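Here the structure is laid out as structure tokens; the discussion comes afterwards.
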Amino acid sequence: MVCGIIGSTGYAGAELVRILSAHPNVTKLFLSSTSSEGKNITEIYPNFFNVVPALLVDSAAAIEKSDCVFAALPHSVGEDFAKKCFDTGKPFIDLSADFRFDGDESTYNAWYDKSYKYKELHENSIYGLCELNRQKIKDAAKAQKGAVIIGNPGCYPTAASLGAMPALVRGIAACGTVIVDAASGITGGGRGLNRAYHFAECADSVKPYKVGAHRHTPEISRNFQMMEKTTNNTVRPVIFTPHLAPMNRGILSTIYIPLHEANPSDSKIAHNAPRPATTEIKERLEKIHSVYCEFYKNEHFVRVLPLGLFASTGAVRHSNFCDISVHIDYSGSALIVVSAIDNMVKGAAGQAVQNMNIIFGFDESAGLTAAPALF
Amino acid sequence: MVCGIIGSTGYAGAELVRILSAHPNVTKLFLSSTSSEGKNITEIYPNFFNVVPALLVDSAAAIEKSDCVFAALPHSVGEDFAKKCFDTGKPFIDLSADFRFDGDESTYNAWYDKSYKYKELHENSIYGLCELNRQKIKDAAKAQKGAVIIGNPGCYPTAASLGAMPALVRGIAACGTVIVDAASGITGGGRGLNRAYHFAECADSVKPYKVGAHRHTPEISRNFQMMEKTTNNTVRPVIFTPHLAPMNRGILSTIYIPLHEANPSDSKIAHNAPRPATTEIKERLEKIHSVYCEFYKNEHFVRVLPLGLFASTGAVRHSNFCDISVHIDYSGSALIVVSAIDNMVKGAAGQAVQNMNIIFGFDESAGLTAAPALF
Amino acid sequence: MVCGIIGSTGYAGAELVRILSAHPNVTKLFLSSTSSEGKNITEIYPNFFNVVPALLVDSAAAIEKSDCVFAALPHSVGEDFAKKCFDTGKPFIDLSADFRFDGDESTYNAWYDKSYKYKELHENSIYGLCELNRQKIKDAAKAQKGAVIIGNPGCYPTAASLGAMPALVRGIAACGTVIVDAASGITGGGRGLNRAYHFAECADSVKPYKVGAHRHTPEISRNFQMMEKTTNNTVRPVIFTPHLAPMNRGILSTIYIPLHEANPSDSKIAHNAPRPATTEIKERLEKIHSVYCEFYKNEHFVRVLPLGLFASTGAVRHSNFCDISVHIDYSGSALIVVSAIDNMVKGAAGQAVQNMNIIFGFDESAGLTAAPALF
Amino acid sequence: MVCGIIGSTGYAGAELVRILSAHPNVTKLFLSSTSSEGKNITEIYPNFFNVVPALLVDSAAAIEKSDCVFAALPHSVGEDFAKKCFDTGKPFIDLSADFRFDGDESTYNAWYDKSYKYKELHENSIYGLCELNRQKIKDAAKAQKGAVIIGNPGCYPTAASLGAMPALVRGIAACGTVIVDAASGITGGGRGLNRAYHFAECADSVKPYKVGAHRHTPEISRNFQMMEKTTNNTVRPVIFTPHLAPMNRGILSTIYIPLHEANPSDSKIAHNAPRPATTEIKERLEKIHSVYCEFYKNEHFVRVLPLGLFASTGAVRHSNFCDISVHIDYSGSALIVVSAIDNMVKGAAGQAVQNMNIIFGFDESAGLTAAPALF
């Protein structure tokens, strides 16, 4: 099959190129870039020299010649491409936020300051968190004969949602705010010229940004709501704090989830509480760990680590895995879930390819089988 | 005056050497190291070549010849040195955890698996968080004619405590758990041989460790309790999660503090809450920011950043500053405080020197005046 | 086919695991480790969790069950394994230096302080720089029915030799010393516990080591001699200076090669020489570039970059490519060749797999097709 | 005294701010910036919050109120400021290349594509490599009553010149090309927006640039010529290759200098030459080392390391030191000198302050006494 990538020179676009160029079912790639049309992509990405088709064509050509179209564009500029694909019966997998909110234009509008251009597209699009919506995607691909529009999830929401899903779906979480404290590699900021991403400005330093106000907050909150809809009608408060860490790739989410019956008396939670944690607390964690393992037992890309290990971004580098480790506070008051992804793979291009695989009925891990590299 | 450093070849010890070698009131240094006695420190730290006295002497000589003794040793091996200093009327500033819990041996015992050797020393020691205990240190130095034992605070507790102090002391915090999510540079792991600190094992990756069970948890909890003792008799639950980030130095703490009247109706905190934050929420934050500014207005080493800026470890590099930025969740449900220190300076050697300055009546910033280096 | 890896827990061994686990012709892996026998490799490399066979078996089992055996061991401990493979007709691909010097035991002895145990093995082994010895390897595999012993090249010699080969073979180089100034990522130091590789000791710093005396010097010198043997009977002096750079992977070699008729008059090479370089000098470089392009036109893994571009380690990350850029001093006195490889791939495990592919008649790039990742 | 900094918001300018803000003889700073006039410098450099005067004034005010003026501007825009200072009798210390070539406009013109505006200024300016021209600077300061114009050296030329000086001045170097292979931290590229300096484009990678054609080449060549002028009338060829390494600061120069009588027979320099190096070669190195030690014995900022140690950028971090280690090839054919500086300190702002100290008769290390930080 032939794939087209619109916006192939941004970091997420280039990652699509990297992954699709080695995909066993993809025979040809058409790369498009508005900013660099007519150039060779190897002028921008020397790593692709002699490896991928170099010439950057226009978007119309890329769409016309492709069986599946990916868009890695800034928010709100891709709807016309989506329309074209939809009308000609081609899958459109969108890495921007445009199709992440389905018909809920008000949230999109509130957080992205844009309106929908073709409302009907959004009513037919599917949020592409594969582990949550796989069946929906399959059904749509069948029903719509491939003309599926996928809103590929944000990087932070992917890590946060996969980390919290078993606790929310299985009712482990008690009422109350869930806090998602996350750190991202610098590629998360994209390829646009920005002094904040200069090596000298971000190496050897950790810094938060957009605290309490990042656009991925409503996406995380909505995902949590979807996961809990059978058990809980209210909307759970979510606090999300992103940080930049001095690394190329990766997102690590540390997620704080309140636990049922976690109203210990003061003495229990005091700083002089008995250590190590009581048997009761350990058993509670073991039970939660079992639920996590069982929940994800058929998910190839989610690895629930054995108790005692810690998820880290290094262990998923360049892979589509989401590693999850579960922990409990020594007082037993909260479940602490750590989830790690490669922001450019499971958090962007890899999940997009996973969505393509689902739509086309390929092995879901086709093109995504390489082992992670610890370094 | 003459200073002695016991354990001068560990990272914290070497940082003491670096700072004290440029201290205007320090005329001579005696460096001691059990593991490298008789060697030159420049064999281990080539940066000190031609800059500091090279020969590593034994601890007895270092104590005998010094007016002030610092110890940067592993936990539970320094009490004999403390006793010697106490008995001979010399200040002893201890960078281990041994003297951080005052007379509360049970907590020390529960978390460090050690007992006190000389209980009376612990009853007379002072926890050296300067911004909290300055007067106590001054009084003791006067009363005990210098023979003060300082338990220099842990790196994480320093950042967490300074970040939360105004909210706790001034009663901004509502009941409920405070979460401290923190990232440290790799020097925090110390100089002991450990493959986990090999470049290839930790570069370009973020990872948590000892989740919910780190030894700095009871120190943070106890500090919070001291800050609230006039307003609150109960012990506040604290969850503390440390991470390693791929940088040499620095600790960034992101602290989640529940806010009074933060029980918003579901609609308020839903993902489709109005954005930007309401005027009401903004005003609440401005008020909190004013309290923080006022609280620290006389503290040279605590910089409360203007609203809209974010504390980062890069901006305090190689300095004794603690930068603090305050934020609020878009729903107004929690205060989010970010505090940044250099873990080796304000989190270890710098604060130790600040304690020495207080004890000896020097300008509190003597030897600590260099501007931070952004890179 | 089945592959066995002896010494699978070192960095080069783990890289073999990573590459072979995705090799299309490899159906099964047996991993062995003396230091960790009986453990799971995922305890050491969490990235391999759920991806590769975890149990570390003993070396005898690994050899017995495999069709091809790789050894990633310290120098001089692998000869018995080589003998066993040779006697049972299995290829043995050795990543240590033991089989890099063929029958020349005196050089091996002078630089590695060891003697050969089975001299006959060394007389039958082949130095596995694929681009130099491909035909020899193929012939031996045929003649010896697979029982080939490969001395897989050192990382620095691979980069230096591929960079200099066209200049030496085609007679571009004039008489005189060739200088190889190279920088390696920290993984080059291996996984042995060593404080020199602690993050804090090597991050944010560049340092040379073993200047003028590194063990890869005679391997580089011998390779140059092989390349020149038809044109030049003398041994060309080589100066090799390795450095450590603060990165996980990669080797960059900057190679200075004297040029024929490069005895310019003083005025030509003075600091006030005309700039930009004269047309004459430019044309000389274009000619050399053409020779390089032609020389490597059939080599899949050597990419001669267009004039004006610069080879960098980032552009070959995680790939088996060797990128080469050619430059000329403004005075025309020397050819400056820059070659870049991933030290763990083309400099170790990738080239070992390339050798396996040649021996077994697979597509030479089987298992090595993934595009490099710029970050 | 009062100092003014024109161009205080570039990286070199900010480093001047950092150093001068702690200089014992500097009572006040005036900071100027064309691009950010009227802003606070802390908007750009949050590290300076509460530490330095924040308001960015215009250049005229900065000059008028200052006793000494520093300029950290792009090339060829500072001559008017120099003229103003010269005419009003104030020292002008220029960190651009404008005053590095004295009266030799043709070289400046050839390499920087600019002409001199006020030729007389260039005839009176002094090249500020302190260890070479200290007396000249002192004399001029006396003769011109302070109205001295200093062309502060380039970063690479500083490291290369200090490394080679004893070998060139003392006649250790034989005829022939000197090769300077150097690596710089990313701050060397300056603060201008440039995607090449984005973290994702340069982290974890080493790359060369402007090979054989960098503008610092003629400055290095001219310096070598000055050093040799009594012994050698010809101009020595210099090849200079700069690289970018993934670190914030630092320059490491590896300098290859031909040795007298270094025409060893082939057997001596063959790859199977005896190892370790012969006694003869070792003694030659010891002699050279003695010359280096003696040459720099009164230079506070040049540290010739004991034989067997290696200069590294980490060991001079944040200091004005130049560390030098000397080595010899195992065949004795070349002297290999490694010199390390902090590119922002000895390579820019620190040396500028050293020049100010010389002009004003301060202790030459005033404001530059802090010990280097290994991390």
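Each chain carries a letter (A, B, C and D) given by its place in the written order, and its residues are counted from 1.
What we mean here is this: a contact is a pair of C-beta atoms (placed from the backbone, for glycine too) under 8 Å apart; a residue touches a chain by one contact, two chains touch by 3 or more.
All figures in this text were calculated on a predicted structure; none of them were measured in a lab.
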Touching subunit A and also subunit D, the following chains: B, C
Label of the chain whose CA centroid is most distant from the centroid of subunit C: B
Rounded Å distance, subunit C centre to subunit D centre (Cα mean): 36
Whole-Å gap between the CA centroids of subunit B and subunit C: 47
Per-residue overlap in subunit C, given as positions that touch at least 2 other chains: 11, 187, 200, 202-204, 246-249, 312, 314-315, 317, 374-375
Chain-level touch network, classified as line, ring, star, complete or other: complete
Contact set on subunit D toward subunit C in their complex: 104, 106-107, 110-111, 177, 179, 181, 183, 185, 200-209, 211-213, 217-222, 225, 234-235, 237-239, 241, 243, 245-250, 252, 254, 256, 264, 266, 269-277, 310-315, 317, 325, 327-331, 333-334, 336, 338, 374-375
Of subunit B, residues touching subunit C in the complex: 11, 186-187, 191, 193-195, 197-200, 202-204, 246-248
Subunit A contact footprint on subunit C (complex, rising order): 11, 14, 17-18, 21-22, 45-52, 187, 203-204, 248-249, 303, 305, 309, 312, 314-319, 323, 369-375
